[in-house]
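Mind looking over this structure? Questions follow.
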Amino acid sequence: MELKNKRWSSERFLAQRKEVLGGWPTGANVDFEEAVAYHQALPPGKIFAHKLEQGKKEGVTFAQPRAGVALVAEHIELLRYLQDEGGADLLPTTIDSYTRQNRYREAETGIAESRNLGRSMLNGFPAVNHGVDACRQVVEAVGVPVQVRHGTPDARLLAEITLAGGFTDYEGGGISYNIPYSKDVPLENTILYWQYVDRLIGEYESRGVRINREPFGPLTGTLVPPCISHSVAIIEALLAAEQGVKSVTLGYGQCGNLIQDIAAIRTLQELGEKYLSEKGYPEVMVTTVFHQWMGGFPQDESKAFGVISWGAAIAALAGATKVIVKTPHEAVGIPTKEANAAGIKTTKQVLNMLKDQKYASTPELEQEMEIIRRETGSILDRVFDLGEGDLAQGAVRAFQAGVIDIPFAPSRFNTGKLLPARDNHGAVRLLDYGDLPFAKEIIEFHREKIAERGRAENRSPSFQMVIDDIYAIGKGMLVGRPK
Amino acid sequence: MELKNKRWSSERFLAQRKEVLGGWPTGANVDFEEAVAYHQALPPGKIFAHKLEQGKKEGVTFAQPRAGVALVAEHIELLRYLQDEGGADLLPTTIDSYTRQNRYREAETGIAESRNLGRSMLNGFPAVNHGVDACRQVVEAVGVPVQVRHGTPDARLLAEITLAGGFTDYEGGGISYNIPYSKDVPLENTILYWQYVDRLIGEYESRGVRINREPFGPLTGTLVPPCISHSVAIIEALLAAEQGVKSVTLGYGQCGNLIQDIAAIRTLQELGEKYLSEKGYPEVMVTTVFHQWMGGFPQDESKAFGVISWGAAIAALAGATKVIVKTPHEAVGIPTKEANAAGIKTTKQVLNMLKDQKYASTPELEQEMEIIRRETGSILDRVFDLGEGDLAQGAVRAFQAGVIDIPFAPSRFNTGKLLPARDNHGAVRLLDYGDLPFAKEIIEFHREKIAERGRAENRSPSFQMVIDDIYAIGKGMLVGRPK
Amino acid sequence: MQKKTLVLGVIGADVHAVGNRILDYALTEAGFSVVNIGVLATQEEFINAAMETDAQAILVSSLYGHGELDCRGLKEKCVEAGLDDVPLYVGGNLVVGKQDFAVVEEHYKEMGFDRVYPPGTLPDVLIRDLARDLH
Amino acid sequence: MQKKTLVLGVIGADVHAVGNRILDYALTEAGFSVVNIGVLATQEEFINAAMETDAQAILVSSLYGHGELDCRGLKEKCVEAGLDDVPLYVGGNLVVGKQDFAVVEEHYKEMGFDRVYPPGTLPDVLIRDLARDLH
């Protein structure tokens, strides 16, 4: 099938649909028209796009956890607890890793084992195996909107089932759920898969049912510079919009430097709107999501609370529409419901204390925003060039050429030349910019920033700096200084 | 005895000393010359002023807990734990409330009961009852400097014993340990008591032993506007300097608004240095201490971690020399050692992550600093006027006239007309400025700030706003909005 | 209807004044006549104030942790003074540290208190209980 | 001296690549010859790589929680392939959730692993143990 950034025809979509729904027996229970009716009957308070729009208007930042366990009743109990005790404004359903790799048979084993052992043996909720009705039980059990969060390169069947199941928001994208989440799935394939997902949402949209889409912002979660995640987020937003998506939440994973993080969220909102509108989709609503630090966490729970709070503070000061919350168990394992609620409560305390305080513009912040704008602009310009006008082709070629390069990604379709490291103030810069199409001044800017740190630490910049930075937050620091 | 801001003669000091040391049998064990020798033998790493100076130079913010229990062995165990597990940079010895009121007999009962019941029945360490040698055991048991923290209007005997006992920092002052800590002790008396303490420290100083002094910044801990705590801190610093103190740490209790809090710490450092040098004590070293929110805390521990972290973040961004740490048990009771260490670890995680980030000046911050400078200047000018040149007299008369007025203070020597309330962004402003000697524009500034909030909340400013603000942080908010 | 009189104060060497001020305000707003003896109040001050004003209830606060030591014997002194029937309430942070409240309550009830309140109790709760107990 | 060969990989449907990359770097720096089969590695891939390269040890990572399901039967397959004597190590976040590590270790030892490491183990520890085990 030819990859083009062009809205799929009904025929093409429907032809593929049969095959998709046949992927696992539960696919047979998807009845699109009935699902549309189901969505139309949902109260506005359970619709993601509606709540996000409200929050954006009022300038509040919502808190959303990650959470999912193997069995339906336990999953419902978990979500209710996060809503009632944790005070979550928005809820997730995190999908297990077998489902993410379309290994539904292994997921089935995981469900059985979980029943036998009385504890979840899966790291998430296997929604495909459970099917449409189980999803609706989940949606109906809680009072706030629920989103599907996963990491699935081919998430077509998962989308069919969960959206028919009443979920109103779907995370992921053809790049962001491929490169960090797989090893040898070609980008062409996943972009096609995700065009399907977006086209499906466009189908819902055409019946007046709004499903929000959220490209996965943090990518590998580890020292990803804003220009990389911004470029991916914007490409995926444009691809989604073309298939008929009308509401997107663009994401960014906290790096840790106050100025850089605020600049990132502000430019993400701004550039997202700019590109969508310039490329012909001015009606798409753009909101933002800030992820609390996505890399290695400290094992000590008190220290984890510190990391969580600092993330919450930045989300509020930057004015992100929502924040994805970490937990005090992060470094060790999937959190208990209590630990998960604890993370939300800490976050909400900070969000609430800061909700009437915004970070005013400063020359420093302006400079950082300008850097991000220029970097992202250079990358996206080149992507469009490479695609000779077609964004989907451009994206594939950009990865081939290293014009987009995601640090530490497992995929062999990622060049992996980029080496990020923190500067002397903790902002993520580039020790090696690989094949990014940056202007001379930008390259010089990064070089000087890293050199400045090298001077302060009395060492030459090297891969050891990167390693030190990867461990740093887990060891209670931001910048990985030599001992 | 006549109250004047004038260095006491040796005779006067020594005459009073006999009486002071006779206040409780343990006073007999104080041998000043021997104590000087003891201090001279302390390694620099155990000397508060030394460590603070280092920190100030390097721009790091140190973390210090509060802690004290009834019995010596348990107190040592507690401090060691806070040092080793918590990573405290500086340690305290918090004194119990009977000792603070010079009720040594009741403290003795508390010690006995604590032995019997196997748990501390006192809310602190009764240092006077335990005596000089016990204090030295404490100082010797740990590797970082230890400070006496209390709330004692008449702390002369406590100072004699703990300083002879090897502590190198002493909190309090004739105003800050009277007005928030007693009901009917005249200010004249406590200023005299504290002249004695400062004179004693001056005596140590004259033998080359440096004891740091820390006026108690937060006062009642509840919506105290910066100009009030700054005025008290500066007066106490000047009174101390006159008696020969050469190192002071000026304190401020977090209000909760980013800009106001940073402005407060920056102006505290600046104004402290300015007044000390203008009034003839340019050699005094000034450092600052930021107290994490000192008013009512949320009971939920996760929420408390949020409050703690936000305090840590501001301390770091503002560049305070040290931060006094709260614990997740704050709203409920004296913390266990684990809870106390948890508060320190959270704090240090945030401090470390922010240590290479300072908040750059902005017009907004500049404006807030200017407000604090003008307000504090107006108050201090009037204090000097009222004293006809004598600061000690001026301070007493300023309280009589309501020129200084501490919100919610229990003392009948405080006029208690001031009503603080938060503005629409959470900064503490004045709903009623009582008899503060403010210029018209400043009064208008406060009126408008509170009115702006009233408009946003659709209610007229009243005492209900104040009550709502007192409860707000405990309920998970900063500004106490109507329901 | 005659206003009901309450004696309010913070016992012992305790100076926590904020809650006391708020309770005073809230109880007054709720129609009680409040005799507030403030912080650093002795047992004798509570009893004298109650006798002098013919109070219908005595409300003791203790925040700072020494409550157990400070409250001991208060009920006995009330009985001696003929105040047997005047309800005796206590609230605040009644012990040193975070302890199981059921145990704390039990302990204070043994000391003769009629109602015992956990940390952070809001005035509404008190006002509701007063309405129930005083009629 | 001949370099010792190690097979390194992340088992199952697990894509956590960062720790793998760092272990590769650290082990190489420490003088080992590292055969890194990367993430999303099957049991068969571990065994084939070990056989092909005549490896002295197999190092399995599992971060994402499904380790128990993914590692089951690996030892048996090793034995079948004649790799009985090749030490089998495992490390990472080996189970779903925060569990008592002693129990986890026990469980993995029963599954035939020679060494089991808790979350966040630093490369130095591994390198020290390898020096001890391989001589």
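Before moving on, here are some points about what is shown:
Order as written gives the chain letters A, B, C and D; numbering starts at 1 within each chain.
What we mean here is this: a contact is a pair of C-beta atoms (placed from the backbone, for glycine too) under 8 Å apart; a residue touches a chain by one contact, two chains touch by 3 or more.
This is a predicted model, so every value here is computed, not measured.
Setting subunit B aside and leaving every other chain in place, the chains that still touch form these groups: A, D | C. Of all chains, the one whose mean C-alpha position sits at the greatest distance from that of subunit C is D. Distance from the subunit B centre to the subunit C centre is 30 Å, each centre being the mean of its Cα atoms. Averaging C-alpha coordinates per chain places the centre of subunit A 54 Å away from that of subunit C. All chain pairs that count as touching, in label order, are A-B, A-D, B-C. Of all residues in subunit D, only 12-15, 17-18, 21-22, 25, 38-40, 64-66, 68-69, 93, 95-99, 119-120 touch subunit A in the complex they form. Across the complex, subunit B meets subunit A through its residues 256-259, 298, 300-303, 305-310, 312-313, 317, 341-343, 345-350, 352-357, 360, 362, 364, 424-426, 473, 476-479. For subunit B in complex with subunit C, the residues that touch the partner chain are 96-98, 100-101, 103, 106, 109-110, 113, 119-123, 151, 180-183, 220, 222, 295-296, 299, 329, 331-336, 339, 408-410, 463, 467, 470, 474.
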